[in-house]
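One chain, chain A, appears in both complexes that follow, with chain B as partner in the first and chain C in the second.
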Partner chain A sequence: MNTVWSLAKVVVLEMVRRKDFYVLFILTVLLTGTAGSVNLFNDRSIVRYLKEICLLLIWLSGLIIAITCTARQIPAEREHRTIFPLLAKPVTRGQFLLGKFLGCWVATGMALVLFYLLFGLVSGSRDHQWPVLNYLQAAWLHWMMLGIVIAFTLLGSIVFAAPSSNGTISFACAAGMLLLGRHLNKVALSVAEPLQSLLYTAYFILPHLELFDVRELIIHDAGLIRWDMVTLATLYAAAYGAFFLFGAWLAFRRRPLN
Partner chain B sequence: MNPVLPLALALATAVAAGGRLLLWQQSGPQDSGSLLTLLLGESRRAFADQMFLKADGYYHMGNYPSVFDLALPDGKTHMAKESEGHDQHGHSQPLPHHRDWLEAFGHHFRPTGHRHLDGIRDGREILPWLRLSAELDPHRVDSYTVAAYWLRERLNRVPDAEAFLREGLRANPDSYEILFELGRLYAENNRDVPRARAVLELAINKWIHREAAKPAPDTPSYRLILGQLATLEEQAGNLDRALAHYTRLKHFSPQPDAVQKRIDEVLTKMARPK
Partner chain C sequence: MDATLSIEKLRVEYRSRDLGEATKVAVDGLSLHVGQGEVFGFLGPNGAGKTSTMNVLLGFVPPASGTAHIFGVDVIEPIARQRIGYLPEQTYYYKFLTAEELLRFYAGIFRIPKAETERRIDAVLKLVELDHARKRQIKTYSKGMQQRAGLAQALINNPDLLILDEPTSGLDPIGRMKVREIIQRLKGEGKTVFFSSHELGEVETVCDRVAILHQGQLKTEGRVSDLVREHSANLEQIFLKLIGYSPQP
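This part shows the complex of A and B:
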């Protein structure tokens, strides 16, 4: 576990040094600030549109950080040839993958903490309400969802040749699932067999990232999500994360490094 | 051949074509030269529709059917129907059945149940999307009328509603819908009878000009304008005018008996000795 953690720490430090997060954070602040400064019928207490814009930017930034950070991990190690001394030490390929995953996931989690702090400040300053537990649930579920995306991107970085293609494919898959995932069953029911069975099978097999998107609940001040449901969602994310990580390990364990 | 010649020819063609395009663009209907118009072009109308639906989604507290769910049969949003005073969609609908366990699980993570925005605090939340919808497509009349209804009826912000309607009227000078809403505002909020009468009569003229010759005219709007005008005249004591409007309304009303009852009431009032 120490080996995995040491590898993860390197990834986190690399993320701290890179400018990606800072650029996205500043962009989010600027765009939210601009949206907040718009005069809407001389009413400064309108807040939900601002929450919506801020959360959308946070979700976009979270996806970009998670995918770009993960997609470049293994190709960069190969390109700089640092993967050889690393794996020559007593580090197994499984530990290497796990370390990379953990590093990207923790780094993304740290970014999310700052993003959600910003969201809390923006929302609280207008709304004068501080539903901390709701925000905690939203951030937690968001982080769990990004865990699945990171594991999927890590698998992609072994399957696909270039980080750019991996990043694009991962982003398209994640966006596709977020936008269409919950409608696949409705589409399936409206088509004829055998496409219906195929689509319904895909609906059950694919990871439903949209389950973790609780922005509407936050925007419209709905109550807390039941904690047993949050636990189930966490288990759901853990299962898919483990599945993709296992797939990455299977693909990576016998792959030549050069 | 001198290479300058083809270059000069290309430049001359570009300048001529550019000038021609500029003239063509200026000859068309001119929208406001806003940044959004410049950036989005004609696609902004589609975005405006989305913003209007977003406002309706806010009206339903986030629980709103997607394009994959049931579309509204008459193409009007519930929010717009409420502003017209006849939104009777199912408040007591049972919760939708779940097609599978995944869908049932997913319902814990998004708004469910049929709820509407209520009270001043929530009511104002739809306004940004209506404002944006109007910015994106200034010819979308619904954006102005619905926002004005919420501003004056729910938020008691009559001057803001009037200013927004006037903005809409500048962009849509022939809109009887905006004129009707403006007339309502003068009649119900400002109690300015002469102004309300002038605006509502103009609305009737615009309706006749735009709709009367159509095979399927927008009679519900005409009934609303006539009804408003008749009530205004009745309350102002101009009973003969009210009678004339009610008589016209009876001709278009799906419930002529109810209108006849109002006519009888007016006739009774007229028969009373002064």
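This part shows the complex of A and C:
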């Protein structure tokens, strides 16, 4: 675990010292601030409108940070040749992958904490309510979902050599799963075989990232989500994360580095 | 003499990705033994199979056949790398880290206790003369300084065996001299050094024994003084003769 944590700390440090996160955070602050200064609706609506924009930006930024940070890890190690002195030390390839995963996940989690603090401040200053537990649940589920995204992006970075192609494909997959995943079974009903079976298989095999999206509950001030549901969602994310990481390990464990 | 590093009938192949193209044999039937405390020069022209051999020793590439052991442990086991230090050819270390942070990171991998880590960081940074720049990010370092930072990371675990892949490549004469001095100092401390180089003069000065590889095959191996006496020529002439190079009239 010491080795995995040492690797993870370097990834976190890299994110802290790079400008990507700060640019996205400032952009979110500016866009939310601009949206908040517009007074087109009555007071109640504008709070919801603000919350919706802020959460959408947080979701977009979360995906961008998670995917770009993960997609560049292994290609950069190979390009700069830092993978050689690293794997020449008593580090297994499994530890290397776990360290990269943990680092990207923790770094993304740290970014989410800041983003949700901003969201809490924006909505609290307008709504005069502070449903901290609801926000914690939303941030936790968001972080779990990004764990799945990070794991499959890491798998992609072993399959695709260029970080840009992996980033684009991972982003398209994550967006596809978020927007279309829940509708695949309905679409399957309306098409003929063998496409129907294919769509059904995809519906049951692909991770349902939309399960972690509780933005509507936050925007409309719904109550707390049952904790057993949150636990189940966490286990669901852990299972898919482990599945993709195992796939990454299978692809990477005997790959020659030269 | 105990064998720190032993290679038996090693064969390394690279499969081509292009259809119909034959498998490339990088190393063919190589057997070598390096004893404790030796400085061993691994020579050969570009493409001779030196880096491929090192890649097997470090577990980067699996051998097609044959075996390689470090301190008696098969190189496919990660634990074989516990007592080695490796300096690759021209590596760009994590630019966003300082030399101190880089060394702390590698020390963490070896599970070196905190107090001991700090002591070793001080010692290796002094040895490679980077003490003055320890808090500067690596992206601000010159090429020579980066190479010395690489040498520092290879020494952080106080290794018994150092594997150096062209350690002076791309360095100016002063940088080369500094690296040579460090190798000689390590030899004085009883470390085993296995290194590849194209600088034959440097190899002649520093090495106890050398091996010359050409097209994946071992052409000769022995003490530098014995080879010089046997061939009645200097190391450069021996090298050129063994690889079949004849200058144009």
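FYI, the second predicted complex is superposed on the first by the 253 of 258 C-alpha atoms of A that agree within 3 Å, B and C clash if a C-alpha of one lies under 4 Å from a C-alpha of the other, contacts with A are read in each partner's own complex, and residues count from 1 in each chain.
The working rule: a residue touches a chain if its C-beta (ideal position, glycine included) is under 8 Å from a C-beta of that chain, and two chains touch if they have at least 3 such contacts.
What you see is a predicted model, and the numbers here were worked out from it, not measured in a lab.
Asks: Given the touch rule stated above, what does A:219 touch, chain B (first), chain C (second), both, or neither?
Replies: It touches chain B, and chain C stays clear.
Asks: Counting only touches as set out at the top, which of chain B and chain C does A:189 meet: first, second, both, neither?
Replies: The answer is first: A:189 touches chain B but not chain C.
Asks: Looking at the overlay, does A:254 come into contact with chain B only (first), chain C only (second), both, or neither?
Replies: A:254: touches chain C, not chain B.
Asks: Quick check for you: in the superposed arrangement, does A:239 touch first (chain B), second (chain C), both or neither?
Replies: A:239: touches no partner chain.
Asks: Go through the superposed model and pick first if A:80 touches only chain B, second if only chain C, both, or neither.
Replies: In the superposition, A:80 touches chain C alone.
Asks: Now for A:117: first (chain B), second (chain C), both, or neither, which partner does it touch?
Replies: neither
Asks: Which partner, once the models are overlaid, touches more of chain A's residues, chain C or chain B?
Replies: Ranking chain B and chain C by residues of chain A touched puts B first.
Asks: If you stack the two complexes on chain A, which partner ends up touching A:6: first (chain B), second (chain C), both, or neither?
Replies: second
Asks: Starting from the residues of chain A touching chain B, keep only those that also touch chain C in the other complex, and list them.
Replies: Comparing the two interfaces on chain A, one with chain B and one with chain C, no residues are shared.
Asks: For chain C, which residues are in contact with chain A within the complex?
Replies: Listed in rising order, the residues are 14, 51-52, 55, 58-62, 78-79, 81-82, 84, 86-88, 90-97, 101, 105-106, 108-111, 150, 153-154, 157, 163.
Asks: Going by the contact rule set out above, which residues of chain A touch chain C in the complex?
Replies: For this pair, the touching residues of chain A are 2-3, 5-7, 9-10, 13-14, 17-18, 80-82, 84-92, 254, 256-258.
Asks: Quick check: in the complex, which residue numbers of chain A touch chain B?
Replies: 38, 40-43, 45-49, 141, 182-183, 185-187, 189, 203-204, 208, 210-214, 216-217, 219-220, 222, 225-226, 229, 232-233
Asks: Taking the complex as given, what residues does chain B use to touch chain A?
Replies: On the chain B side, the touching residues are 58, 61-62, 66, 68-69, 99-100, 102-103, 105-106, 108-111, 121, 124-125, 127-129, 131, 151, 157, 160, 164.
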